[in-house]
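Across the two complexes that follow, subunit A remains constant while its partner is subunit B and subsequently subunit C.
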Partner chain A sequence: MSFRMRLPSADYFSDLMKAVQAVVDEGTFKIDQEGMKLIAMDPAHISLVDFELSSSAAEEYVCEGELQMTVSISELMKFLKRAKKGESLTLSYDEGAKKLELTLVDATGSREKIFTLNTLETVEARSVTPRLSFDAKARVGVDAVKDAVRDSGVVSDYVKITINPDAVVFLAKGELGTVQTKLSKMGAAVYEIEADKEVWAHFSINYLDKIVKPASSLSDEVVMQLSTNKPIKLSFPIPSGRLEYLIAPRIEGA
Partner chain B sequence: MVQLKLYRFAGRSEFREERRVSCPVCGGDFKKCRLEICPYLKDVRELLRKVQSSRIVFGSSPPSAFIGSWGYPRVLAGPLVPPIQADTSLMEDYGSWLDLPLQKLVSMRVSMVRGKKPVKIEDARNPSRLLTAIQELGMAYTPTDVELELDKEPVIRPGFKLRYAPTGPSGTVVKAILAENPTIPRVVDKIVSDIDLKASQAIYKLYRSGIGEQHIVRLFSLGLLGLKRWRRLVPTEWSITAVDDQIGRWLRSRLKEYDWINMYEIYQYEAHYNRVTVLLIPGPWMFEVFEVWYRGGSMKIYHDSELPGDPDRYPENVGGAYHALRLPILEKLSEIRRQASALAIAEIYEGWIPLGVWRFREICRRAMKFRRCKSNSLNEILAELGKIIDLPLRVLDESRVLRYHKEQKQLTEFLKLF
Partner chain C sequence: MLFSELVEFYEKIEATTGRIEMTNLLVDLLRRTPPEIIDKVVYLTIGEIYPPFIGLELGVADKLALRAVKLASGMSEKEINQAYSKLGDVGLVGEKMLAKRTQATLFMEQLAVEDVYSALEKIAKASGEGAMEMKVQILSGLLASSQPKEAKYILRIVTGKMRLGVADMTVLDALSIVFGGGKETREIFERAYNLSSDIGYVAKIAALEGIEGVKKFKITVGKPIRPMLAERLSSAEEILQKLNGKCIAEYKYDGERMQIHKKNNEVWIFSRRLENITWQYPDVVQMVKTNIVADEAILECECVAVNPDTGDMLPFQELMHRKRKYDIHKMIEQYPVNLYFFDALYVNGEDLTIKPLLERRKVLESIVKIDDKVKISKAIISSDPKEVEKFFNEAIEAGCEGLVVKSIGPESIYRAGARGWLWIKLKRSYKSEMTDTVDLVVVGAFHGRGKRAGSYGALLMAAYNPDRDVFESVCKVGSGFTDEDLAKLPELLEPHKIPHKHARVDSGMEADVWFEPKIVLEILGDEITISPIHRCCWGMIAEDGGLAIRFPRFTGRYRFDKSPEDATTSKEILEMYRTQLKKIAE
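Let's turn to the complex of A and B:
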């Protein structure tokens, strides 16, 4: 069984893989007629990525049946880094040969580069369904969130994220002092808040930063969903696809 | 500053204060320190008198060479030669030092005469005749006879150093000659002559071929490893940490594939007024050190850690002891092919004289062979830990590793698994 997909921009696919790499280094993609999907948790089981690139994103998409492809994303990134601006990317995978072929063609079609990556053995892992319900939801500018996370890092390892009907608040406390970022509902950085009451939880800044940084080059906004002392869901809307993350909370005094 | 280049530099506030190191007898006061009264040098007084009366030292070097950090990048390099011809390999074999009394240990090291010669660090690439002899000596792995000629009789300088083992009387080298052909392991010869192999790779290769750390440190400090154009002399104290760190990084990079250990475990060993206690917690690799100095009823604590996702940073507070403690734990986990979070507590009591960080590495290595207890619950194991260390448990409230394990939840607690 094999599959073949041509994407207009290699750079875009590269950015997507960077966003997946924030959580896992090695991943199994499930590929079928609809597109390619990956749901994976990091080895410490603290963050999860739910990624999908649907066939409509591709200029050409051929897939017979369902197949699985396991690759080392850091190895894949080494190839994708070689992509130049304006180059298109064709991925083709042959499940029998266990080889992923990446073909980069420049805009004029005058040069074609072919990279072949050996794929890995697929280990049947327990799969998870990232279905959770949330009490509050906020749609916020991604740069504001990125800055708020970075600023919190000045004093602490983790940050308290609060969503209340009027604002989204990031609060970090450390020995040095405290850092607070308040994104008010009235302000330009907040597009929408859906909350009946105040909800909050603490999260590791390392994980937040690792996820928000690469995702910020793919999307201008992020949808944050939260319940008190429960995981947070960060969704980055991307054209013809899905990029969502979950991060487990830290519970103080537990 | 080789080891600092490997890391992003930490902020100013995290700089450690200068730790005072002194001999408990003379208090490090040069004027009070006399060969006649030093209790540590009792056994070697006669030998030292003899040594100090002659410009020429002939004996079997363990082998050992020393590169000072003073004056960097123009450093004092030279061989260490005891005035005796015998199997002196014990003098450089850290692993067996734990079983010797402190006094014997000091005497042994101090009986070696240190030759000194100012050399530019880049000279390692095209060495003078003297430096060539030192480099050849450094490659040897069995004691090698050396004749050392100094410009005048060697003098003994008092004082102990924090990071490396003590050395004896020293003088400026005029000539150093190897009196026999050094025995050089084939793999050492091969890697030293490979001028296209990066130093970090060279260190792993030597380590994997079973070359002792001591030997690797010697090769590294004499500028015998790495790409030709980057080879240089590296002060011994920096080399020790660089080698501990590089081997540790290599072991650590392979650890993440392994499953977690399934119970909380405590390991402990003590020697020479030093006690190392290691707590292993089921979880992803992370590491934290509490280094505690007990002095006259007070206690000084130094503390550093690495957690998942942390930027790579030099442990400014603990320094070289951090890497020396990390290595044996990584070795143990690699051996059992398991992953764990580790908390190391190093306690140093009055009576210890600063002889270097090697004792942390060796004590920790022994500790990892003696499991004190294990348990299924974090609270139970912490209660147990409180009984076998003198550090009050409330200090561990500062621990990032413990806080992480108490507070950080996993997604698996919230999601359904199929």
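Let's turn to the complex of A and C:
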């Protein structure tokens, strides 16, 4: 069985893969008529990525049946880094040959580069998405979140994220001191808050930063969903697809 | 079966010290274990994942395991290192850190035994670039789903430090109780284990087919047999007494014991610890293919490093150069080996382990094609302790560790996996290390071969005995000569060549060429030993022996300033022997 997809921008696909790589290095994509999907957890089961690129994102999309493709994303990135601005990308995968072909064509159509990547054996992993409900939701500018996370990193390894009806608050405490970022509902960075009460949880800055950084080049806003001491869901709206993450909290006394 | 059930049992075992109690716990466990995974449970319990001959090890260092603990627990490196230096046990560190774990996970499941086993398998199999990272990732994933107590044992297994005290023998006891109906059937299980070296497989067959299946175990070429081991005594007399007065005494070569399996053109080499070491010795594989005349064979030999120029045996440490992953072919040239076969366990479909030793040796002699490199162990059949002692001294001087003296009676079968009184080691309890050089006189020479053809391969050296005014032979030296020395030697010695042994030379060794004692060379050796051949100080230390220098080499210094009468005297060598004689610490 095989699959073929032409995307207008190789750069864009490269950014998507960077976003997936924030959670897993080796990923198994499920590919069918609707598009390519990947749900995966990092080995320590602390973060999860739920990614989908629908067939409507492609200029050309051919897929017979359902297939699975496992690749090392860091290896794939080595090829994608060779893409120049304006180049289109065609992915074609032959499940029998276990090879993924990447064809980069420049805007004039006069130069074509073909890379072939050996794919990996698919290891059947149970990819169970935890069933979660959230008490609060905030739609926030992604750069504000990125800055808040990084500022928190000055004093600590983790940050307390609070959503209340009026604001989204990032608070980090360390030996050095504290850092607090308050994004008010009335301000420019917060587009929307849905919360009846205050909810909060602590998260590893390492995981937050790893995820927010690549996602910030794909989307201007992030939807944060949270309940007290429960995992946080970060959704980055992208055209013709889905990019969502879960991060498990750290359970702290305070 | 949940891994937590296994852990519960491990906790109980850890709290016991008595073997009987431990066996009883093991019996409980084996009864509760589903047959399909009993092999895995057995491997994990003894802290392994495969039998040794598979050659796959978990190979996770403490440092690496601690990194996985950090990832899975979310604790800081500082906290983890502090706990490690305090507790010194990765297992306990993991248990403690996971109990304090502040980082929640998205997905927690109860680990089954199979989950743990297959993750450990993946860790063992990870190889190549990025393998270490991969091992850490898999381990941290496993720890992320573990309860603190489970983590303790996972970490111990993965770092090779299970140390529950459950040994293969305890497992055999338990198997015989569970599947044989009682300890009296243990021998059947032990036999199966000795023939297969795979305790997990024995357990599985026992669980699936019962004792009848275990009885059917046969020798399989390609699967190592657990080696027969020797006891140890310190005198030939005691040994002969133990062996009913008659024995075969064999050189105990200072090399690596190998169990060699051959099936048509396929060859396996197993170490004494039953690890597959075939890849280290492509030269041995070739020697076996050409020199073993049998379609199927399981043989035992000692593999000894030899000086490529003289063919002399080198000490065991030299073989260590062969324990490497790269440049194996270069090492084969620099550190070639000889094989000394000493037993045949299975040949062309016939199980020889039940035959007495001399019959086995006869079969061995009939299938080993002897040449320069492939030999049968040097041996004598004797009932005279003096003769054995003499043979022992000869073995030491030749570079061996001593003798293995073996029973030759009808009871002398190959007792796989057992240490008993059918084989008895005779090793030295004293040795006299050589700390100074000596100046010795060249009295004879031996023709060189290979690279040294046309020159001398070795020189016969003597010390001076002023009382008798005689030069007494003390060693044959072939090492330490540069190409330049080799080119120069015939020229240097030519004027002193004589057609027969010089009248003032006393030598127990026949040289190819004799010289008038004239040239003095500086020589250094490892030890001074008692020799049944060399004439230096004959009868002064041993009734029927002299002194010799073991592993002698030329230091590169020609003592043209010394006349032969100025050479080191026999008395001085005797003095050196006496002052340096020390008990060997074991």
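Just so we're on the same page, the second predicted complex is superposed on the first by the 250 of 254 C-alpha atoms of A that agree within 3 Å, B and C clash if a C-alpha of one lies under 4 Å from a C-alpha of the other, contacts with A are read in each partner's own complex, and residues count from 1 in each chain.
We take it that contacts are C-beta pairs under 8 Å (C-beta built on N, C-alpha and C of every residue); 3 or more make two chains touch, one makes a residue touch a chain.
Bear in mind that the values here come from a model prediction, so they are computed numbers and not experimental data.
Undergrad: Clash or fit: subunit B and subunit C on subunit A?
TA: clash
Undergrad: According to the stated criteria, A:231 is in contact with first (subunit B), second (subunit C), both, or neither; which is it?
TA: Both partners.
Undergrad: Which holds for A:210: it touches subunit B only (first), subunit C only (second), both, or neither?
TA: So A:210 only meets subunit B here.
Undergrad: Could you say whether A:188 touches subunit B, subunit C, both of them, or neither, answering first, second, both or neither?
TA: Once the two structures are laid over each other on A, A:188 reaches no partner at all.
Undergrad: Which touches a greater number of subunit A residues, subunit B or subunit C?
TA: Looking at subunit A, the partner in contact with more of its residues is B.
Undergrad: Going by the contact rule set out at the top, does A:249 touch subunit B (first), subunit C (second), both, or neither?
TA: both
Undergrad: Taking the superposition as given, does A:46 touch the first partner, subunit B, the second, subunit C, both, or neither?
TA: both
Undergrad: Hey, what residues of subunit A end up touching subunit B and subunit C alike?
TA: Shared contact residues on subunit A (touching subunit B in one complex, subunit C in the other): 41, 43-48, 128, 130, 157, 204, 231, 246, 248-252.
Undergrad: For the complex, give me every residue of subunit A touching subunit B.
TA: 41, 43-48, 126-132, 157, 202, 204, 206-207, 210, 230-231, 246-252, 254
Undergrad: In their complex, what parts of subunit C are in touch with subunit A?
TA: Contact set of subunit C toward subunit A: 71-72, 74, 76, 102-108, 137-138, 140-141, 143-145.
Undergrad: Quick check on the complex: what are the subunit B residues that touch subunit A?
TA: That would be residues 256, 283-284, 307-310, 400, 404, 406-418 of subunit B.
Undergrad: Under the touch definition given earlier, write down the residues of subunit A that touch subunit C in their complex.
TA: Going through subunit A, the ones touching subunit C are 41, 43-48, 128, 130, 157, 204, 231, 246, 248-252.
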